[in-house]
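Please go over the structures that come below.
One chain, chain A, links the two complexes that follow: it is found with chain B in the first and with chain C in the second.
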Partner chain A sequence: MRRFLSGVTAAAAVAAAAAWALPPAPAQAQSNETIKVGVIVPLTGRNAVQGEDILRGIQLAVRRVNEGYDIPLKDGERVTIGPEEMGGKIELIIEDNESRPASAVDAARKLVNVDEVPVILGILSSGVCVATGEFTNKNSTVQICSSSTSPELRDIGPFLFSAMGLDTLMGASLADFAYQDSGADRFAVLSANNPFGVGMEIQACQRLEEEYGAECVTTVRYEQGKSDYRADLRRVVSEDPPHALITAYGTDARLIFRQAYELGIEPSLWYADYPSLWTNEVQDTPEIIEGIKGLEVGASGDFFREEYADPYEAEFGERPTTSFGGFAYDSAMLVALALHEAGSAEADAIREALHTVSQNYEGATGDKAFDEDGMQVSESYLEQIMKDGVPTPYSIGE
Partner chain B sequence: MSAFLVYLITMTGIYGIMSLSLSLQYGQTGLVNLGQVGFFMVGAYVSAIGSTILGWPIALAFVAGVLGGALFGVLMALPIGNLRQDYWAIVTIAAAELVRVIFLNTNLGSPYVGASYGITGIPSPLQGVLGGPYYGYYYLALVAACLLGCYLVVQWVSRSPFGRVLKAIRESDEVAQALGKNVRAARIWTMAIGGAIAGLGGALFSHFLGFIDPTYFMPLETFLVWAMVILGGAGNHLGALAGAIIIQLLYNGTRFIGFGEEYASLGASLRMVLIGVLIILVILYLPRGILPERRRRYGVRDAAGR
Partner chain C sequence: MIQILIDSLIRAAELALLGVGLTMVYDVLRFPSFAHVEFGTVGAFIALTISLALPFGPGSSLVIAGIVAMVAVGFLGVATDRAVFSRLRGNSPILLLIASFGVGIVLRFGAQAIWGANAQSYPLPLMRPWLIGDGRLTPSAAAIIVVALVTMLLFHFVLNRTTLGIAMRATADNKDLAEASGIFTERVIRLVWFVGAALAALGGVMLGVATQLHTNMGFEIMLPVFAAVILGGIGNPYGAVLGALVVGFAENIGLAINWGSLASALGLATEDFLFIPVGYKAAIPFTLVIIMLLLRPTGLLGEKRA
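And then the complex of A and B:
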């Protein structure tokens, strides 16, 4: 029994040390002047790079509005939003989900039940967005996912919003671009085996078939984080397709393009969605992506640069590392606008106000209007071609 | 806060069921199962598919999840029943990945159900009757009852003559064989029981969250369960439960450390370091776990009196 007791004591001591080793952040004082906003992002584990970029996007927006910022609107006007307009400063409560969905569920429970936040931002993958969204929606807490694209998001409920267009938008647009630019009638598809990649594949192939009578001859779904993609690549080119569509992330994309190049596959084979997912990773070897055509969210224009990318660099000392941070930035700005519009920090009021303010907000990543399900109505895309490793504007048939 | 605590205790209970299963396999029988999450996934998926797509009553889906876990355990053990522990480790980790990859590539009905999209809308038992603000407590009671049941089963197996055979296998195959015991059959039975228990854990997990997809069942989860068993004390089933509590406390207690918004991403990494250091400390100072196995000794003591 003594051994048992000493064990329990040790466990308790360890837990206590863990929980209270450091003092809580001073800003957690019970004050009416802060509005708590929860953030769930992967800051450790395999998605840490994307997670950190998402966090920075949110931090940039929050730092701006906490000091008072002129938020751009669609009519070219700007509206000043500061602590006074929002009813207080925004305080972020940031939770790491360790790139594990189970941990994201823990974090969502804590944010809702312990911190009682009205809004949760961040969230990278669709799996996490659906799982936490079911819970936050039941508990009347607004959740805006920055970069989840699964069509399932639409059915979760009124408290769930998405800052990124669902797959239905991107897949069809990529198919339009690839078909109209190449005129080919046979395509291969290589996509990451997650809701994002698979959704692109399904939607693009459906569009190619129904709209253009073209065909997806092979569809290959690759496992992320592998150390060799040659088998997948051989399958992509097995039917000798004139062109292929691709969705790939960061270091996976670098390896895929390198191995494709080594296998003698012309980079101009590829039509990629969201090239900014990997342009940073391949910048040292521009030859492997020379001539790849891509479709980017309207995130690469001058407005994006001035409004987001340059200030981001000034704040954090480097360029945005992924394209996800911009969406997270927009989601935080929408919350700031909604706090002003609602005149309250109640989740239900914020939820209603989000629909109103999104119609008129000029997002760094384009139009951010929510439809009645809280999803994006449209997404503005830019056509690009890779030249010397740099994405350059491109127009069809050039 | 209380809702969060209820949630945490529920999750701890589910992980406790998982660690009991591993405690039986590794602590009792010495089977190095690095594919523990495979059982969990089979239980979660079978039960979720049964109750959503096939429209079974939830109780039936639970039973199917348990049987699915047991069957998977048997299937995994059949071809490798005679292998040594190190091979066992390799095969089990591969088997669990196989399960995950199969589910990752299998659509269930529509293109947006199953595969990487997972399964949504998994119903919770008796939600219609007991649903409401206190539903969390009811589910906790269900998990606690299951946990208690599993504990009793594992204890009963361990104390039975069959349990002593398992211990003999753990110490050395030859010992058990010399006594005329069928080592292969005993291992298969252990995997069946362990699989059934972990399958129950998986079913409880999926009906609790209401949503699962293959990313919930990465190999990392297996190692969390291993950490629970090792920290708690391999060979002592109560220890396995203590380990589950400790790991949950470490992971969620450290969420309350305020690193401040400025240092959030540094803080997140530090949190993982802290969790690692605390685990190492426990192992250093309590190498046989928080609640070590009580070894019964038979016969003569050696010269040192041990």
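And then the complex of A and C:
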């Protein structure tokens, strides 16, 4: 036994020495090489639907630029970006974070330390973006979160970018929508107890109070992934508010809306942000969301359709399933432009180039300009009402 | 107010079904099995797979699937005992407790490997609730309460009126003496595992009916189940039921009470309305457990053991 063990130890030592002696991998990407780009998305768990859509958005963009694509710019021109311009083809390394921040940090650690990627894309929720952003910033790796919107993102550091407008924009817009549409002066708020949900609650209530003199009578922060939200819902309606704002994710939202329905709460109570966080999840039971009004992020015009939605359908056989894939698509396109602009696959050069190229890029989801903190300057929102389970365009007072 | 009663009863039903098996295993084998709640998870998912495969309506499919799942998980309980716990008999409770942690992880992630990490639901139709006073009760929630009630009555009958139940109680009381009296205690232990795991599976199915299925569902309810069992006096099945009721009501009433006047009377706050934030719901049963352990360490119905 002892002999066997010492044999194993010796073999391990030899292997370690051999690994040590290997020449280091060249840091600079050559034109016929690949540029590794990390992707962290929830492919399982409560946000699996959104994660798949985000991944598809990135895959569509990468497939296009790897074959050479004319990327649209704001002045109406297009610039051809291909492997030649980027210094190689982009190779995606995809990690599933199971809709949990802890798994996402493990994934980020692996992408940064093992794969040594200069850029990480994907990432749905703010809880994940903040947790991984702290790590990638410390390790000087660029991270573009495609649909994380907590105001906390602004303070993480120079390597963190956000492709979607933060909740300082959404919270206020949702408050505007809810007040102007309903005219109510008392609201309840139900939000996920994470940076995203709490951010929305604070921004929306502040706006309601300061702009309209309306009041948030009850604010409930629910714990994610629980198996029962009846107590939370009872608290929401305890002060009998005419309307309530809600922000909820995926399968949690399905349970919340079902239990609300079973408690006799009318769906028209709710004004929701980002309904495509849950519209797919409730498809089996459209009654539970009938009449919910929502504020969705993104674009819907001809340009969005031709540039993104139609090619997406051709590639994946269905219309974009959520509004988030488009933002992920744009983030990948920005990276392609930045690789060209920087002439290098070094994280630091990409980071600087992103600021420049974002000013000119015509995003499928609208203006993509980053401010000095790497956050979106503006965002466009669409008003919707749920009819037969489908988000339908809506205008205030309809 | 009636809504609180209804919600508390649903919660108590789920906790009781899971708690009774846990306390039975403790009673006979003298260790708290952290794997126990995972039988609920596995049972819930087995019932899902079977009910989706059956050709009957969603309701009757689930009833049959639930019964099959109970039997299957009962055997799984016996199998885990044979594979792991029977080999460790006579060891210290700490060792068994750690082993049960391991078994729990294997069950939980085994379920995740088979059924995936996504939340799923039973294919039950959406039900309009009945209006009872100002409370609302869905037919499925009513079924949960009735099933739990009937199961507890049956269990009471088995424990007190059958040779099997008497053998179980005798084994729990004094294993050596029971053996000397001609009771084949290993067989009794196997039965305890079977019944305990099957009840947990039923609890899991009920939990799935009330909410949704997720491989973490058992793990999440573990702490309230332990709180119920400890409150009632660990090792006493009636205590577990009582504890489940106390926890179920405490969680829901604690959140509904306006503590404002109490707080201002004590000079702690001046608000008229002061409610416990809903996020602290999980803390309520533990506050009770701490108070209970300080005042009466054996639990409500527990007895001192020699």
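Definition applied: the second predicted complex is superposed on the first by the 298 of 398 C-alpha atoms of A that agree within 3 Å, B and C clash if a C-alpha of one lies under 4 Å from a C-alpha of the other, contacts with A are read in each partner's own complex, and residues count from 1 in each chain.
The rule is short, and it goes like this: a residue touches a chain if its C-beta (ideal position, glycine included) is under 8 Å from a C-beta of that chain, and two chains touch if they have at least 3 such contacts.
Values in this document were obtained by computation on a predicted structure and should not be read as measured data.
Novice: For A:127, using the defined touch cut-off, is the partner it touches chain B, chain C, both, or neither? Pick first, second, both or neither.
Specialist: first
Novice: So in the superposed three-chain picture, is A:44 touching just chain B, just chain C, both, or none of them (first/second/both/neither)?
Specialist: Both partners.
Novice: Just to be sure I read the superposition right, which of the two partners does A:151 touch: chain B = first, chain C = second, or both, or neither?
Specialist: first
Novice: Go through the superposed model and pick first if A:264 touches only chain B, second if only chain C, both, or neither.
Specialist: The answer is second: A:264 touches chain C but not chain B.
Novice: Mind working out whether A:346 is in touch with chain B, chain C, both or neither, as first, second, both or neither?
Specialist: A:346 sits against neither chain B nor chain C.
Novice: Decide which partner touches more residues of chain A, taking chain B and chain C as the two options.
Specialist: Touching more of chain A: B.
Novice: Contact-wise, after the overlay, does A:84 reach chain B, chain C, both or neither (first, second, both, neither)?
Specialist: Neither chain B nor chain C is touched by A:84.
Novice: So, does A:235 touch the first partner chain B, the second partner chain C, both, or neither?
Specialist: second
Novice: Touching A:221, do we find chain B (first), chain C (second), both, or neither?
Specialist: Once the two structures are laid over each other on A, A:221 reaches both partners.
Novice: Just checking: does A:92 make contact with chain B only, chain C only, both, or neither of them? Give me first, second, both or neither.
Specialist: In the superposed model, A:92 contacts chain B only, not chain C.
Novice: Considering each complex separately, which residues of chain A are in contact with chain B in the first and with chain C in the second?
Specialist: In chain A, residues 44, 48, 98, 193, 221, 223 are touched by chain B and also by chain C.
Novice: Which of the residues in chain B end up touching chain A in this complex?
Specialist: Residues 1-4, 7-8, 11, 101, 104-105, 111-112, 115-118, 120, 209-211, 213, 215-216, 218, 220-221, 242, 245-246, 249-261, 264-265, 267-269, 271-272, 274-275, 278, 281-282, 285-286, 290-292 of chain B touch chain A in their complex.
Novice: Note which residues of chain C are touching chain A in the complex, please.
Specialist: Those in contact with chain A are residues 3-4, 7, 11, 116-119, 121, 126-127, 129, 131, 136, 138, 141, 207, 210-212, 214, 216-217, 220-221, 251-252, 255-256, 275, 277-279, 281.
Novice: Tell me, which parts of chain A touch chain B in their complex?
Specialist: Contacts found on chain A: 3-4, 7-8, 10-11, 14-15, 17-25, 27-28, 39, 43-44, 48, 51-52, 55, 59, 91-92, 94-96, 98, 100-103, 105-107, 109-110, 113-114, 125-127, 130-131, 134, 150-152, 155, 193-195, 197-199, 202, 221, 223.
Novice: Once bound in the complex, which stretches of chain A touch chain C?
Specialist: 44-46, 48, 98-99, 193, 220-223, 225-228, 230-232, 234-235, 238, 250-251, 254-255, 258-259, 261-264, 284-285, 287-288
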